[in-house]
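So, here's a batch of structures to check.
Here subunit A shows up in two complexes: once beside subunit B, once beside subunit C.
Now for the complex of A and B:
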């Protein structure tokens, strides 16, 4: 299943579905990168609320997305990691070091705002 | 009243059922070890008439002895209780010479042991009472078997074996009871709730007190991460002032919980690490480098408030401390 990517002002919101294959994830990454350039977005929120299992590939991909987007001059935030998923990730050593996280979409937008990316370009 | 007593007795009998379990086989084994055989049973039942004759006298002596010591006297201060206990005691002594030392006998002995344990009669007094009884009976036996000292001695030895069987059972009830207490306390400690308290909007306070074992740590993690979501918390202050010791597993678990909380967008402040715990953590090489730690709960709360942008000011009324 493909991820849906929505544009909301300067922010792109990508929703990861519950059943995404590795290929789907990689495709989402490529689309996001393209869209950030196309729309000159300043923030990206990847919502993983629907994800009930996070394997190492998914975690690595998320990490990669955040790093690439940073290189493009925007900020990425991963939101909606569920409690069980969070603890399982930590146990597997997938701590997403140095990457912004927030509770949910709403908080993610607040964090982006606080980081000044939205105000930056209006 | 009688009904009430009965209820208590059954209750006690039940209590042993989970404490001391004596099977037919175990009883046989115990008897074997004491070399308590048919000859002993015959000798003991042989003095039943004698025991009946002397019972009251021995018991009177026995309680006179008990009453002359402060620590045992306190158990029998009520004359009505004393009368009741005396009649029970008589039954108990007579039972020693009635044969049929089977499982029913064991159950009865365990019940009596439990009653003594329940009134908190110290074991030293309990065993002392056996000693007194044996000496009193020995004197009676010597008198009764004046012509046959060998027989008196053999009967006494048989009695000794049986009383040791009884004592073993009694001690078992004492031990089983204290084990039960220890178990109950352990369970109570484990069930100590670890509340996750919403302190301010977006802020949770988790005071941990007592021993954290692996199970409690896991429970704490689940509860905390769930609460972060349901309270939409951004800051969590975990206070471990009341934690005396941590091991590697628990410390790592705390570290993992903090990281997991971060993945959910919440920051954790660890407050109140005691010098001992700090030392242990360093010695064990646990890396708390990425975790924000502060000295005490107050600093933790202040730091969390600061990070959330709260400004706490004292009101005029508070300054002058006028209610």
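Now for the complex of A and C:
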């Protein structure tokens, strides 16, 4: 299942679906990178609320996405990691160190604003 | 107890299938959402190992009981290249691919019982169990 990517002002919002294969995740990464350049986005929110499992591959891919977005000059935030998913990630040893996270989409937009990449039209 | 499911693993999409089948099978047990997530995450790791290192294999999911305990047993089996140094493969951060090297040691932490048998050229079998609490 493919991720849906929405554009809201300067911010791109990518919603990860519950059953995304590795290829789907890689495609989402490529589309996000293309869209950041195309729309000159300053912030990217990756919403993983629907994700029931974050294994080491998914975490590595998300970390890679955040790092690429950062290198392009934008800020990436992962939002919506479910409590039980977070617990499993810690047990597994996944930390997503250095990656911005927020409780949900709403909070993610607040964090982006605080970081100076708010979603205003330009 | 009866109930056994065999999930062939040949591509990364099969990792999702294995996870989903385990959740369905586990419905017969009293697992918390948290335990189901731990189980699904561990299955994801060992299934992914099969895809990455052996290209193909299978995951057998089985309901088991031991005295009054009930649980789900996961056997991940492949006839891939096998692991030369199991002790190192069980260390956090050790990987012969570009992965994070958390799959095996992480899965052990996620499950209650964990056992691995492997030798170069003989494939790998991981047997792990999650019990009801």
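The working rule: the second predicted complex is superposed on the first by the 118 of 122 C-alpha atoms of A that agree within 3 Å, B and C clash if a C-alpha of one lies under 4 Å from a C-alpha of the other, contacts with A are read in each partner's own complex, and residues count from 1 in each chain.
Everything that follows uses one rule, which is that a contact is a pair of C-beta atoms (placed from the backbone, for glycine too) under 8 Å apart; a residue touches a chain by one contact, two chains touch by 3 or more.
Since the structure is predicted, the reported quantities are computational estimates derived from the model, not experimental observations.
Applying the stated clash criterion after superposition on subunit A shows that subunit B and subunit C can sit side by side.
With both structures placed on the common chain, the touch criterion links A:65 to neither subunit B nor subunit C.
In the superposition on chain A, contact of A:87 is made with both subunit B and subunit C.
In the overlay built on the shared chain, the residue A:55 is in contact with subunit C alone; subunit B does not reach it.
Seen from the Cα centre of subunit A, subunit B and subunit C lie 50° apart once the structures are superposed, a value rounded to the nearest 10.
In the superposed model, A:107 lies in contact with subunit B only, and not with subunit C.
By the touch criterion defined above, A:16 lies against neither subunit B nor subunit C after alignment on the C-alpha atoms of chain A.
Figure legend note: subunit B and subunit C, brought together by superposition on chain A, show a least Cα distance of 8 Å. Residues 82, 84, 87, 89, 91 of subunit A lie at the contact with subunit B in one complex and at the contact with subunit C in the other. Against subunit A, the residues of subunit C that register as touching in their complex are 12-13, 15-16, 19-20, 33-34, 36-38, 40-41, 44-45, 48, 92, 99-100, 102-103, 105-107, 109-110.
The residues of subunit A lying in touch with subunit B in their complex are 78-79, 81-84, 86-87, 89-91, 95-96, 101-104, 107-108, 111.
Contacts from subunit A toward subunit C in the complex involve residues 19, 21-23, 52-57, 59-60, 82, 84-85, 87-89, 91-94. Residues of subunit B that touch subunit A in their complex: 221-222, 225-226, 228-229, 232-234, 256-257, 259-266.
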